[in-house]
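I have a structure here, written as structure tokens, and I will follow up with some questions on it.
Read from first to last, the chains carry the letters A, B, C, D and E; within each, the first residue is number 1.
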């Protein structure tokens, strides 16, 4: 009973926080709401026995990405931001289609059935510890994607350097 | 599942509607998070770690995306001094 | 616990490509003359291409597969890379973005495409796609002092991220439905467990259509293409109008033909309107363009529509025809862009269609080449464009889509109007302004190669067609 | 192999005819563009050489068989069962010859009138002629289509680059019109290809029987391509524009050989592939032909532009040809084929004649001329002969063709014959009005002092006069080529393969009756 | 030896030589070649004619001309009595006119051209009459039309001449249209177009009908009438007669040769040649007779009111041609051909004499002539003889032939016969009347032209007068070969032609024949007398008459307004339809509207669709989202 209750709380909180994120006028507020949102999501992961993921969520998202956002927001004139409308002119259309997509996805996932069960039962993970299991997999079976991911990060670095470099000539 | 759908759609809405590019980025992050919720919960129910691994990669990619996206914004900001998407329409038609 | 390396034979090209990219990155620090890097990248790719020969099999627990299909696409990517680099050298100097990272990013992007073509697992597929996409975003915004280039990168990036979110959502759904991310396993699971007709599966498939549709710039997921193509550096426009598109088709073919083979009916049903709309919007809106890069962007949308017909045919011949089409498209499109690039000189953009007025008078040879490319893009024999279209149409008719072919040919007639308008400007108008060209050896090589290939394939398509078919033998 | 006779000559004659001009064009690329006279001579030499090498087609042709002759057959794209397969029979052999002759004349007649981009011009002419020869001699559908479309490229340039003031509109119209038609045909070709079990071999395809509803649709698909090229009545409007704006040589190619491709297509493909649909569509085809004859004739009566008038007269004459073809009898078809040659000779010659004065005055308006007979008597004489041939005067080639097609049309349907025969009256009307206004009556001050034809122009036109008279007086020599082939074609079309015919066809029939 | 081949091919050779070398080498010696060749033809014709009289009929094919399936036709020659007569007329009268032309055309800058056209004309005319099939007939038929076109428009710088030539050609095309259809019907019916098989088979199809637009039409009648259409055009019968008077714009020898003696009679020749067909269709016969009769009277009345000397003769020609048809129509082909033969002489003579007059006076208007008798006696005399012969004064050639026609009409026994008899009897009055009106006005009284013109009056040179004299002799004497039996003659002419043309049945007595002859003679003479009264003695009467009967006079003067009628009901509507409707609406608006409209619409569409691409990223995203939504909805639904 309790886990369900907690889940309900988290679910509603996440949705509410998401809405707050996308609707706040002041971008700084948005970022802060998002921070909160990420905490909630991380907690949710804990419920789902994914401690490592929760950790990553906290560190990378909350610690890394959001700080990046905060820096970027410093570029923006917040006063002006608060003054003008926050949505583009066509937002009702956007909303319509967003709701539309929600409905169609909702309708189709009603008939969702779970696929085949894997071998990593909760007990197994508990025995092995989550991080270890995940790490093992990452370095064995999923070595290849892992390498690719490293390249992606490399690209990100190059890109950030290239694009954000001061221009060479005036 | 419904939760993730909802978050996803809110992300979609944010993407479709906000003026500020940073917040649009954040909407994208929302969408990715929605996917991650999905993946991790499915991974839990399927008793399979693939989903979590994918989520792990998604987070990595999200970080990369954020970096590049913000770099682009900065480059743009230098030329145009705006962070509003609807003001960026040099090219159309 | 022992970490044992899986067999690396099949994946050699990728490894070499990675090394190439990294070497280029490093070398950039020491080498002042960036042309050397260009040369190095071409040589490197040739080495990579050499390792491609004979590499087959799968590795990394079946996540990576190297077969004829992927090799064919990789060949397209290599050709794309070489030609793009050839046409870049002079151009990026003129644009003053002559950095070494340019070449390594191209290499990394190509690596992403290669990974996509070889992906046998959705996770790998996603990562490859992101690798390719992120590199391309950067390349699109490479002229960072140019607002148009920034804007192109931004739009491409935003919409690209948007679409990959959809892809991820689709992946998560299919993962939930089947419990696996391996393409083959998904296929067998779907057919064994009788998931056919499940709305959630359909939804997931649709989201794949969306994401791949975005990559191949099919209507209505094409909106980024004109702006990104126009704003990006021309050489990159050439690069990304062929490479990511081909990669998109590669995964489209593999995922749909294998993973979703049992719901063929549903995805052909979705792809048909996409294809028709792409041809319609691409060809019709191109009529009203005055910027040649933008026009070629719309044309590339239209060509995606044609190539989709091959996928819609949904049989070996169809896929082969799609591959064939993309290969041919690579030649003729980069050829056309090479001409466009030649008109870019110091202080002169040369992107307006009116800049081509009377070009035949001042540059008869260049005009003749452009004429060949334009006729090829229109699909008039004896150029390669015709062979490409013909094969696609053949496979579609064979699969019973005669009406779709009828629609396609009608649109191809419309396309004649704007392609031939270029020819008309070049040959039938008097020059109004002095248009110079930036000549360079490498550009000449690129033009020569593309023109010769366009004509050679047009007259003697046997080899290419057989290659495309043979590539599918183990598919 | 029973349907063909391999090439017994010491060289691949058809390939030579097709590719020698192409080689010529390639050689031209190597010549410096400032050496114009060398360019002209090289082009001429290639054209003449092609012609001489094509003579064996005339002399060595076996007139006693319908089989394909001078056949060349090689593998080309085996994946798709595409072959490089050439051959001619009685229907096509004369058209090939006409092509080789025309190319010489085109080069001669453009000698002085083309002043810009000389090199490209002669390249384009040679390429066009080579491609058209390819169209007439291909026995592989794919090859045929390649030539059919490839011809468009140089032709597009000929009209668009060296044409008159309104040339851009004309070229776009020309290319779009023809493309619409030919892409529909492409779909048809592919359909047939699969239906017949993946073969492009025309001989095999024409030996098959297709279900009626397929025949019906495919007939119209092919019709689209051929009717545009011919051009038949409702899709003829590109021709006046293209003819009018094209340079002289362009008009000659258009009139003499290009539009024959349509009529040839009907004979080679539409009829033998879809005999039942053809038979059902005969009334519609005849109606369209007759409309073309009368309609275009009437339009000619009021034209003020010389080339436009001749262009419309082409539409009218092509009406006779299609009428003959769809009369589906020996007289009609043989008359149609002969009339194709005739029309090529005569209308080509008329355009050349117009070119002669256009070079001098740069005006195509009839009103700018008058009394030319006094100042250019030789020219007047030449023009007169061709006028008479166009009018169909007995003794000229025009008569034989027109008479046979009319006879064929009349045999097929009396009303059609009668209505088409009124075209002969109208034809006399507009040609003589034209002649009178240009050559007779008061001398227009603008024409005073114009030099008469020079030797080059006479050399270009005299052979055509000889043809006019040769075919007019001794047509049997030409008709003999056709008999077995046409006979064979008629046997093909006369056998009913499918009993039922659709209602549409029947309704057409009722209307005509 | 096929010496008969020389007959047509000598003139052809002359044409080729003259047209190729005329400008350079030959110039004003062109007449030698032409005249010598036609005289050669004439001699050959005589020899051939003698052979024919001796019963040798030639029917030979030279070579196969056209073959297409069952359709096969040769270039071949048939020389039978009918052909022989025609050969004699064409080459004989032709020779004289050629010689005359030497003088008449002297000094014209198109001298060589004139002779080459004449030679060409003779060639085609000979091909026409010597043909053994319909197609070759058609060749000649159109060929002579062509030469007629050339020669009428010989002085092409004159608009009237060029117009007249064109009109002649196009009007003839109307006739040929019918003729061609007739030939098609013949081919469809008999499977051949050669005379012999056709004429021998024609009996077998009696009573067969053919469905034309829902009507059952007798096959033979149809064929005959279609063929007759051609004859109507070529021989200028109503309603296609309009070209012949205008054709007088050509040089006078041309009028004499083509528009009087030879070409215009081709229609009669053709009807006579096809008598086997016509005989089997009473309807067709009646049509022929009535058209002939009506034309005859119609033209004769017009001739009365004309002032152009050549036009008077031209209408007279029409009138006589009408009579020939009338004869054929009542079955008396021989009489028709006989009249053709005599007519060739006297009408050529009239024309040539008129030409001589024009040569002297310099214009054609008889109102501005007068008193020419004393200046040009030979011309006067010969013309007088011709007029007498044309008028049917007993003893002269015209009398015998005309009388035979009148008698045949009367004696044919049918109602139509009686009707046309009335017509032709009326014509018998008008012919001498207008002939002599012309002579009296031109040659008698005082000269009414200018002094300048009077100064130049002179008799023509011998090269012109000698042919006149020869023709005058002919006009007197050529009829003697056909003197009817009741006048003690042997009707040799009709007998000679009988194998070809047969012989009509006469329903009349000798007494009636005498009566008819007397009547027509009386009428003819009274015509002359009245003409004399009107134009020699009481010259005020015609003026007064013209005033009193001015509507009729104007009607006649304006040729019954037929030209105007055609102009308004035929030419103008066609041109209107062509310009306004077909070119202006159908072609320019409807077809071009579609052709240009479709691309324009697409272009407009392009401009609209372009606007969707607004440049705002989120709009693009919205489209993508919409795409997602629609696709998912599609797949779910």
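In this section, contacts are C-beta pairs under 8 Å (C-beta built on N, C-alpha and C of every residue); 3 or more make two chains touch, one makes a residue touch a chain.
Computed from a predicted structure; not experimentally measured.
Between chain D and chain E, the least number of touch steps comes to 1. Centrality by C-alpha centroid: the chain sitting nearest the overall protein C-alpha mean is D. Relative to chain A, the most remote chain by averaged C-alpha coordinates is E.
With each centre defined as the average position of its C-alpha atoms, the distance from chain B to chain E rounds to 96 Å.
Rounded to a whole number, the gap between the C-alpha centres of chain A and chain B is 8 angstrom.
Separation between the centroids of chain A and chain D, computed from CA atoms only, is 70 Å.
Distance between chain centres (mean CA atoms), chain A to chain E: 103 Å. Counting partners per residue, chain E has 599, 610, 613, 615-619, 621-622, 625-626, 628, 632, 636 as the residues that reach two or more other chains.
Each of residues 176 in chain D touches at least two other chains. Within chain B, residues 1, 8, 11-12, 15-17, 24, 42, 45-46, 48, 50, 53, 57, 61, 64-65, 68, 72-73, 75, 78, 85-86, 88-93 each touch two or more of the remaining chains. The list of touching chain pairs reads A-B, A-C, A-E, B-C, B-E, C-D, C-E, D-E.
The touching residues of chain B, when paired with chain A in their complex, are 1-3, 5-20, 22-23, 25-27, 29-30, 33, 36-37, 40-50, 52-53, 55-57, 59-68, 70-75, 77-78, 83, 85-86.
Against chain C, in their complex, chain D makes its touches with residues 33, 76-80, 117, 120, 145-147, 149-150, 152-153, 156-157, 160-161, 167-168, 171-172, 175-176, 179-180, 183-184, 186-187, 190-191, 193-194.
Those residues of chain B whose C-beta lies close enough to touch chain E in the complex are 12, 15-17, 24, 85-86, 88-93.
Residues of chain C that touch chain E in their complex: 154-155, 158-159, 162-163, 166, 199, 202-203, 205-207, 209-210, 213-214, 220-221, 223-224, 226-227, 266, 269-270, 273, 281, 284-289, 414, 417. Across the complex, chain E meets chain D through its residues 19, 23, 63-71, 135, 138-143, 146, 149, 153, 156-159, 161-163, 165-166, 169-170, 173-174, 176-177, 180-181, 184, 187-188, 212-213, 574-575, 577-579, 582-583, 586-587, 591-592, 595, 599.
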